[in-house]
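Going in written order, the chains are labelled A, B, C and D, and every chain counts its residues from 1.
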Amino acid sequence: GMLVANHLVIFDADELTLNERQKSVISEVIHTQPRYVLGSRVFHPEDTIVKTPHNKIGGHNFTVMAGPCSVENEAMIQDLAVQVKAAGATVLRGGAFKPRTSPYDFQGLGETGLSYLRKAADATGLDVITEVMSPEQIPMMLPYTDIFQIGARNMQNFALLKAVGQTNKPVALKRGLAATVDEMLNAAEYIASQGNLQIILIERGIRSFDDKYSRNVLDVGAIPILQKLSHYPVLVDPSHAAGHADLVPIYGQAGVAAGAQGMIVEVHQNPSQAWSDAAQQLTPGTFKQMVVTTAKIHDLLVADQAAKN
Amino acid sequence: GMLVANHLVIFDADELTLNERQKSVISEVIHTQPRYVLGSRVFHPEDTIVKTPHNKIGGHNFTVMAGPCSVENEAMIQDLAVQVKAAGATVLRGGAFKPRTSPYDFQGLGETGLSYLRKAADATGLDVITEVMSPEQIPMMLPYTDIFQIGARNMQNFALLKAVGQTNKPVALKRGLAATVDEMLNAAEYIASQGNLQIILIERGIRSFDDKYSRNVLDVGAIPILQKLSHYPVLVDPSHAAGHADLVPIYGQAGVAAGAQGMIVEVHQNPSQAWSDAAQQLTPGTFKQMVVTTAKIHDLLVADQAAKN
Amino acid sequence: GMLVANHLVIFDADELTLNERQKSVISEVIHTQPRYVLGSRVFHPEDTIVKTPHNKIGGHNFTVMAGPCSVENEAMIQDLAVQVKAAGATVLRGGAFKPRTSPYDFQGLGETGLSYLRKAADATGLDVITEVMSPEQIPMMLPYTDIFQIGARNMQNFALLKAVGQTNKPVALKRGLAATVDEMLNAAEYIASQGNLQIILIERGIRSFDDKYSRNVLDVGAIPILQKLSHYPVLVDPSHAAGHADLVPIYGQAGVAAGAQGMIVEVHQNPSQAWSDAAQQLTPGTFKQMVVTTAKIHDLLVADQAAKN
Amino acid sequence: GMLVANHLVIFDADELTLNERQKSVISEVIHTQPRYVLGSRVFHPEDTIVKTPHNKIGGHNFTVMAGPCSVENEAMIQDLAVQVKAAGATVLRGGAFKPRTSPYDFQGLGETGLSYLRKAADATGLDVITEVMSPEQIPMMLPYTDIFQIGARNMQNFALLKAVGQTNKPVALKRGLAATVDEMLNAAEYIASQGNLQIILIERGIRSFDDKYSRNVLDVGAIPILQKLSHYPVLVDPSHAAGHADLVPIYGQAGVAAGAQGMIVEVHQNPSQAWSDAAQQLTPGTFKQMVVTTAKIHDLLVADQAAKN
């Protein structure tokens, strides 16, 4: 059992045989299945607002995270930080440790990349989000990042989830390629169970039977479902879902129209020359237009909802 | 081979051995794979506008189709026609022949249902769309419907596709639950190959590994992909994708934000009492709000795109 | 409601409010969900044995059906009939009406093909199985075929299912590419509901996220599940599942080891020159070896099960 | 580039511009795509035989691994070790660190569980296989296990793959729920790239659209495909694929008939009381029958193949 929001939560209560005296002290039975108690709206009805040095993520805020797939060198990330900020981003993304399908692909610049990322963010007043791949990287990464990103492949790497749950930094959890909504919320619960409820959920597309024109299927429905079941902010990652630059803005529009409270987008000065994810990165110019359109959709939805209430 | 837009199309040209004289008369080689020649943008760059008595579907038009899953009686469809028209619909949907998973479920009112549908549409100045399930139904249905709908389960019922291709009525083709984009365009080509190019494509969700909270996954990415590869209008069906009424407006927003040129929505006066699809039908009031929001998103995108060009 | 095996079946009994007198006459409540009453083992515990002129299909029998994807000409099918019979087949398969993804692909020889097929089968003492694609083909096809095959794309073509259900010929129903077990049994129930219970179920692979090396995933688990839920014989189609000839015998072995009561295999004298499905057809020699191995596995399982009981 | 079996492997050779002198020293160009060079049959045509204290795994050997999902106490694992050995198992499985979907589920006995497992194996002359979830557990686990198991959720936990690749113990890699064959072989390549080629691949079912009667779909086709592309032994895990005890022996038969060189099966004295995976564990008696039947199928296939060559 655990105590949450003045309720005593007893797991597997169905299987309990309670005597009359025990029953007499129960005021309400709430079935939470699956068992993500800490993440559930039932016990925490208000939206969680995740706080970073420069951002409030969640609620009616619209948060734009952008940057290259991989940090390639100091100059490129400094220049990109300036450009994505000018286009409306307030969080700088960039990979220094890359989870690549093949061991022979570029694995990232490591700590050097992190230091470039931090400097570029500080120079422009942005927060940093970057991926952590293993528990032992965490202490080293703490000074460099504002948000730990857990990649799709590690969504059920429970040792890693527990380890970031023991830090006091926000964690952005990407949905696994074939993870159900319940599995994602249970994965978030691993983080929360360690005391860290500063969690951001990211829908990034799921695997389907047709990847000829789009790498993955963006599951827009998961966005309102996650928001209904949990109190965490939900962002959309249109870049990895689409896998092709011309589709990325459209996937972003769809995700925001489904209620996403922000987005994380891959941007590169010269996408075709990128060291990874060459096909899906946007130029700064295209990204800027995308931010304009998606922000309008977000504002329209917030206004319509306010009118309804 | 076939002649399309002044091009001689030769299938499997890769396998041809051409002599020098033959080669000398070829001005351009365009590889269209897969082989939906008539539906391809390559030979027909402009958007097809599907014309019905009261509608122009496609291009920058935004077409709303609405009505009950099944026509249940004359009064209900007459009343609904008035209500969905007031909310912004210009096409009345309603099933008279229902493709139900079980033979023991309500199979529709048949021709009687069609007559109610036609009368209700005529009284309100709406077009009719209704599903055809078999080639032999077509002659009987011709006076009652303005658009033949091919359901998801029949997307590759080639005898049926050819039969509607021989009529002069528009055909709305729903994507099969596990159909690839290429398979859908090849299915449309069966219709087109018979001479009927008045085709509307409908994305209605695909089957995935997680149907706990949403019946299907709305593949918003298929919308721009179908529009890029073909010249047909693409609509979204949020009702069947979502399967739960509270998600339907959100799926509609996402589909329209992805570029859908309209939507088809199930609406019922009293959804919980409906004879089929009770969980997913909207009340007229909710539907009205949905039309307002989605129309704004559509207008916003058209304006943004105009500004870009 | 309907009367089955001395039970009165009432659909949606959950929703009934019964008075005391009504309750007093109910001796047993059996929940059959989903609602394939006629196909259910609950009301028909014994295996159905499907009877054709030369075969008893189901139970402990092991039935081998083989032949080309398409009937291409009279000589080839006559020759193949001799060869597949020599290898152990007792049913001759061959397509005369082909459900091809593209309208521009070879659609089969039609009735001419059927007549070649019939003659070849009669000359060798084999039964014929061939695909029917539309209700209106049925009367014409009756003299030519012993078993109607319903293809995967038509598994939920309900008009077609009802039409073959009104004949007195056995029907072999292939599983749709994304059909659940329940949907397949409900589709079979459309046939059964018309009075025809001579039904054979065929597992032929389902669509997955990985078709690089195998066209589909052979769902071996569906074989025992279908046998447990229903009384119909279940066969395996390794050819369409695999899509590559070198995998076909292995898929056949796996299907038979999972309990399939037979198999249907594409065989061609010269696979690489076949007019359709060139990649997956076996030579008569490979097919012969495959029959030997699979028959041994079948016998082994029957013996082991006999030893257990 | 890397040197393998006397070949210099150059990645992305397509993109190289070679001068004439360079070309003159190339004797053969072999395209290996995807890029699992060390695991590829191209450079290592013979089957890898994985060696443990009591087993040779791979080739024509048939290896049976069995034991409970979780080690629950010392007595149960000792007793089970005796029983599974008597039934034909030569490797004892048992979880001490359990990757559970929810943080509130039983997480395993930890090192204490490992010590029970080791003792039980030593007392019976069995090898131990157990799951490792994080790099930092490895040094502690070395004395207790003979084979490191990587679970499906960690198939692309690259830090963990590299870490076990630096040990000298065999590694059994389970396929991820939505991992392609190429992704699995690339994951194995992470292990191999660190110098450890003692790798066992395990097909354990993939996620599909239908989990009503079977937890996952056993992808029997992956077994021969993995064996063709790589030289590693491939085993089948019927327990996790099926998820229901009555299907487990049948899935095992199908996997072995597809060529699996062994299997790993969950066995428990009293499955319904198990602390985890209650539905899918076999009793020792059922397991014993399963070993008999699957061993016969394996022998039959080896004999038939020998006859062919």
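To be clear about the criterion, a contact is a pair of C-beta atoms (placed from the backbone, for glycine too) under 8 Å apart; a residue touches a chain by one contact, two chains touch by 3 or more.
Keep in mind the model is a prediction, meaning the values are calculated, not measured.
J.: Farthest chain from subunit B, going by mean C-alpha coordinates, please.
T.: Max centre-to-centre separation from subunit B belongs to D.
J.: Would you mind telling me which chain pair, B-D or C-D, is linked by more contacting C-beta pairs?
T.: Top pair by contacting C-beta pairs is C-D.
J.: So the centre of each chain is just the mean of its C-alpha atoms; given that, what is the distance between subunit A and subunit B in Å?
T.: 34
J.: If you average the Cα atoms of subunit B and of subunit D to get two centres, how far apart are those centres in Å?
T.: 47
J.: What is the distance in Å between the mean C-alpha positions of subunit C and subunit D?
T.: Each chain's C-alpha centroid was found; their separation is 34 Å.
J.: Touching two or more other chains, which residues of subunit D qualify?
T.: 178, 182, 207-209
J.: Based on the touch definition given at the start, go ahead and assign the chain network to line, ring, star, complete or other.
T.: Shape = complete; every chain linked to every other.
J.: What residues on subunit A touch subunit B, complex-wise?
T.: It comes out as residues 178, 180-182, 206, 208-210, 212-214, 217-225, 229, 241-242, 247, 250-251, 253-259, 289, 292-293, 296-297, 300-301, 304, 308.
J.: Taking the touch rule as given, give the residues of subunit A at its contact with subunit C in the complex, in rising order.
T.: Answer in residue numbers: 178, 207-209, 211.
J.: In the complex formed with subunit B, which residues of subunit C make contact?
T.: So the residues of subunit C in touch with subunit B come to 11, 34-37, 99-104, 133-136, 153-154, 156-160, 162, 176-178, 182-183, 186, 189-190, 193, 207.
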